[in-house]
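Here chain A shows up in two complexes: once beside chain B, once beside chain C.
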Partner chain A sequence: MARAADFAGLGGKESSHRVRVLTGILAAGILAFLGLGLDGSGLLSKGDGAVLVREFFVAALQPALDYESGGYLPADAPPFLLKVAKGLWGTLVYAIAAISLSFVFGMLLGVLASESFWATRGKAWGVVRWSIRISLTAMRSIHELLWALLLLAALGLSPAAAVLAIFIPYTGTLAKVFSEMLDESDPRPSYALSQIGASQSRVFLFARLPRTLPDIAAYTFYRFECAVRSSAVLGFFGFTTVGLYLKQSFENLHYHEVWTYLYALILVVLVLEAWSAQLRRRFVV
Partner chain B sequence: MLQISGWIALGLIALAWIFSDIDFADLFSARRMDNFSRFAERALPDPLRQPGDGASLGAWVTEQMNLYGWRGMGATLGISVIAIVLAGGIGSILGAFGARNLMSAHPFVPHATAGHGACNHALDHVAQAVRILCILLRAIPEYIWAYLLLAMLGSSAWPAILALAIHNSGILGRLGGETIENLPSEPLRAMSMAGATRKEITIAGVFPMALGRYLLYFFYRFETCVREATVLGMLGIVSLGYYISESRAHDQYDELIFLVILGGVLVMFADILSDLARRWLRRSV
Partner chain C sequence: MTTPPAAFRLSGVDVQLGGKPVLQDLSLEIGAGEHVALVGPSGAGKTTLLRAFTGVIGPRKGYVEVDGVRLDQLKPEELRSLRSQIGFVHQDHSLVPNLRVSQNVVAGRLGQRGFLSALRSMMRTKKEDLQEVHQILERVGIGEKLFQRTDSLSGGQQQRVALARALYQQPTCLLADEPVASVDPARARSLIRLMVELAKEDGWTLVVSLHNLNLARDFFPRVLGLRHGKVAYDGPPSALCEEQIHDLYHLEETAFGEGR
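Let's turn to the complex of A and B:
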């Protein structure tokens, strides 16, 4: 069978390959569907759910600009829009604090985890490199919310715990990606510098590192956008971010308020997106 | 622009650290340490707490796996497979409709050589709208989508599947669109000039050419799906996260840590799987 495809020439072989990959993926999907014992009825909302769906999506057209009536409101509650701004600022603070720490440690560990940094040093150093790589994998394999859960259980609710929960997995990811970027960067400038007698660490510092800095900056910015989302979700665990207020409003059935928070979050992501697109254009040129 | 961005970034970092309640010293206060020692006591697996009973640790692990481990891991994997297959399908459609070179009056023919009527504003607007839709889909974190959908659809695996599918459709839609815009345009332009319709070009030219790259993104997102599917369970959907939040609620920290590590192992497994798939793709498709 395979021979027939071979005779059909390159095109035939390639397309049979594609068909096999796509069939495999589809089969995995169907298998998972059957394995979970799913059926379509779970996709339709019934009874109260259906009412909720209608009310919720109608509210999308009218995001709240002030508190919705009917809920309990403490006497010293700030104006609604100020509360939204406070939630956004809280979200940004955790994300900024975590990503700035992650950047510093990610650079450090990324360099130490890269092959090119250890290239001319003894084989024995491989142990150091691999132990760092393994710890980085462990750090990023555990989701930030699970880190948050562990920290909450161990230490209780504290703003520093939120920063730490984002910091740990993000450092793991940044360091891994940085090390790959360093290893994959164009080696020619490094050769040139070492040919004229620069020491290994100088070559790394003045040839390899500067070449990858734009990529490193762009990737950090992308991860910052992810950190904003993670920080927003941490609100569900009691930290004062958008997620906390969104959850409270949803529980009080104040859907107009929920949409204000959602739009605010989308706005932040849009602004960051536009900013990073501008930057990337500068970098590429 | 670069300089201004740098200063804004530095300013935000300074603001976040100075004008916030983040205090790492607080994590080491007496009260927290007290909390921590209580946590550490219960974090040790149950059989290890009685001295001289290390042999039953294996039995404890087997019991944990049979009670929650296998079921949680299976459900997590199933949810993420269905979600990524859905997202892959929707994302490819969004990607095609969002690609500006495909969505023009003469696909892949530069405006200057296409002559009169080359600028079709309706198609331009469609592409623009699809790109904005992609941003909206991915701006809201999976966890918030799942939280909202759970209230609407009731308890089943669907809210988690849909939440992951929605968020990842946005991401794959954007990446798919970029892939199409970066395709070598000569063969596609030839099809276009020979009179092929947009549908024909898409099915016979664009999709086969873009598939390899798109699948790279697909497997990369599969890995993040597994990571997210683990924590979505904490909302009350049966994946690993559900058992994790249950053990947290019952203060069974040994169970909690065991299941968190199990989630980490699952993510590492998905990481290796997607890495293998991508390596294989680079060579063959």
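Let's turn to the complex of A and C:
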């Protein structure tokens, strides 16, 4: 009886804590809404807005296959669809350059940031691990668009600026997630190998790492998709990705062209996703 | 000394895990080439005993000898080298599931190879090595699985891969911790039979912990019963009477119900 009462007391304490946390989260949400004055009226567009919105979404049904009339068109402009393809190609090239670099450095830093890699080494090495972890946090707490602003100021509109802007935060994210995947992977294969005399570094290299590689590959593919989107958005700063052309069409109110770019981008992401799913199914280290 | 040293000798071994005594003042000897079944209820200390045999768990008191060498006097490299001569088959999940069968088998010699040769053997296994692995897989009855992804195999087949990995070590002893606990009964029997046959062919010392007393009876000349971290029975299975069996498993029936 006494034990049952103890459990009841414990349960009560636990649930009252939960209620407090949930109330806190709810209160923060309400305060944020009040602070911003969000009362729903902002959703109704004023004046011409409604017409523009309508025009924009109607255009979704008819994406452009050629340049829309009006606006300035240079004489040597490529056919519209070729321009779309060029934009997509540029987007992909930036994304591929950034993600490949990020993968290499992400693996390296991810291993060095993982607890399991340092497991049998002295405590002093913990300093190395923690300084890497802190740098990784710094890298990814600044968004790629902010990095782009900084790097544009430093390097100008060079491809290196765009690639670095994606590379820095993506490396931080990849390395952090990789290190967690390594630490959380099933320890039993590793245990079995150390049982038969393999040293810790070999156990890490031949059991823990290969065990984690499919997850690492899957996550890298996902981040590649994200990099494609980031690369597209960096076009707004003037890099020759699909974002640049999209912005120009938008400013000219050529909504049909805008939708073509958007659909093309969605198509690319879909193709990448199908490809990565197929690779993952067949993945053998 | 005229008689060869025992393969494993424990002398007054006390092991505690998380503050709880698991092995208590345990002394026993297993001769080279002997085949021993380790039985007893869950929590009796079977796994701990097997781990103590290779020094993975060190005793608080007493000492463990392997081939006449005290483990507590070995340097870490020497201990690793000794472990690389002792095959070990676990209950399950001891293989890297997304590697090929051949790679998991080749990993058996990770403790014996230099770093580069280990790396090479895993990444791009030499033809001679592959042939050797294939022959071993034939011996354990799954030669055709050489290049398959390990997790595409059934539980019983994966235990054969684990056995092949142990064979590839060219060990002097094989320790197996509940190797058939996750295998269906018919396949369990054939796997234990295979282990005993291989042990005879290659002259291994064989210690297998088993939950199933019938398997212990049918295949092993010596049964070692553990209870509460102490030897409760040591002798041929034929001398094991109902009362002793009841004693051995008594704890489980009362305190743990069905047991694992």
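By definition in this document, the second predicted complex is superposed on the first by the 250 of 285 C-alpha atoms of A that agree within 3 Å, B and C clash if a C-alpha of one lies under 4 Å from a C-alpha of the other, contacts with A are read in each partner's own complex, and residues count from 1 in each chain.
Going forward, a contact is a pair of C-beta atoms (placed from the backbone, for glycine too) under 8 Å apart; a residue touches a chain by one contact, two chains touch by 3 or more.
Keep in mind it's a predicted model, so treat the numbers as computed, not measured.
When the two complexes are overlaid on their common chain A, residue A:A198 makes contact with chain C while staying clear of chain B. Residue contacts after overlaying the shared chain place A:D186 against chain C, while chain B stays out of touching range. Judged by the touch definition given at the top, the superposed model places A:A97 against chain B, while chain C stays out of reach.
Of the two partners, chain B and chain C, it is B that touches more residues of chain A.
Contacts of A:L52 after superposition: chain B is touched, whereas chain C is not reached. Contacts of A:G35 after superposition: chain B is touched, whereas chain C is not reached. Of the two partner chains, chain C is the only one that A:P210 touches; chain B does not reach it. In the complex of the two chains, the chain C residues touching chain A come out as 51, 54, 56, 80-88, 90, 93-100, 103, 107-108, 110-112, 115, 118-119, 122, 149, 162, 165-166, 169. Across the complex, chain B meets chain A through its residues 1-2, 5, 12-13, 15-17, 20-24, 26-27, 31-32, 35-36, 39-40, 74-75, 77-79, 81-82, 85-86, 88, 135-136, 138-141, 143-144, 147-148, 151-154, 156-158, 161-162, 208, 211, 215, 218, 227-228, 230-231, 234, 241, 244-245, 248, 253, 256-257, 260, 263-265, 267-268, 271, 281, 284-285. Residues 14-15, 17-18, 21, 25-26, 28-29, 31-33, 35-36, 38, 42-46, 49, 52-53, 56, 92-94, 96-97, 100, 137-138, 141-143, 145-146, 149-150, 153-156, 158-161, 163-164, 229-230, 232-233, 236, 243, 246-247, 250, 258, 262, 265-266, 269-270, 273, 275, 278-279, 282 of chain A are the ones touching chain B in the complex.
Across the complex, chain A meets chain C through its residues 186, 188-189, 191-199, 202-203, 205-207, 210-211, 213-214, 283-285.
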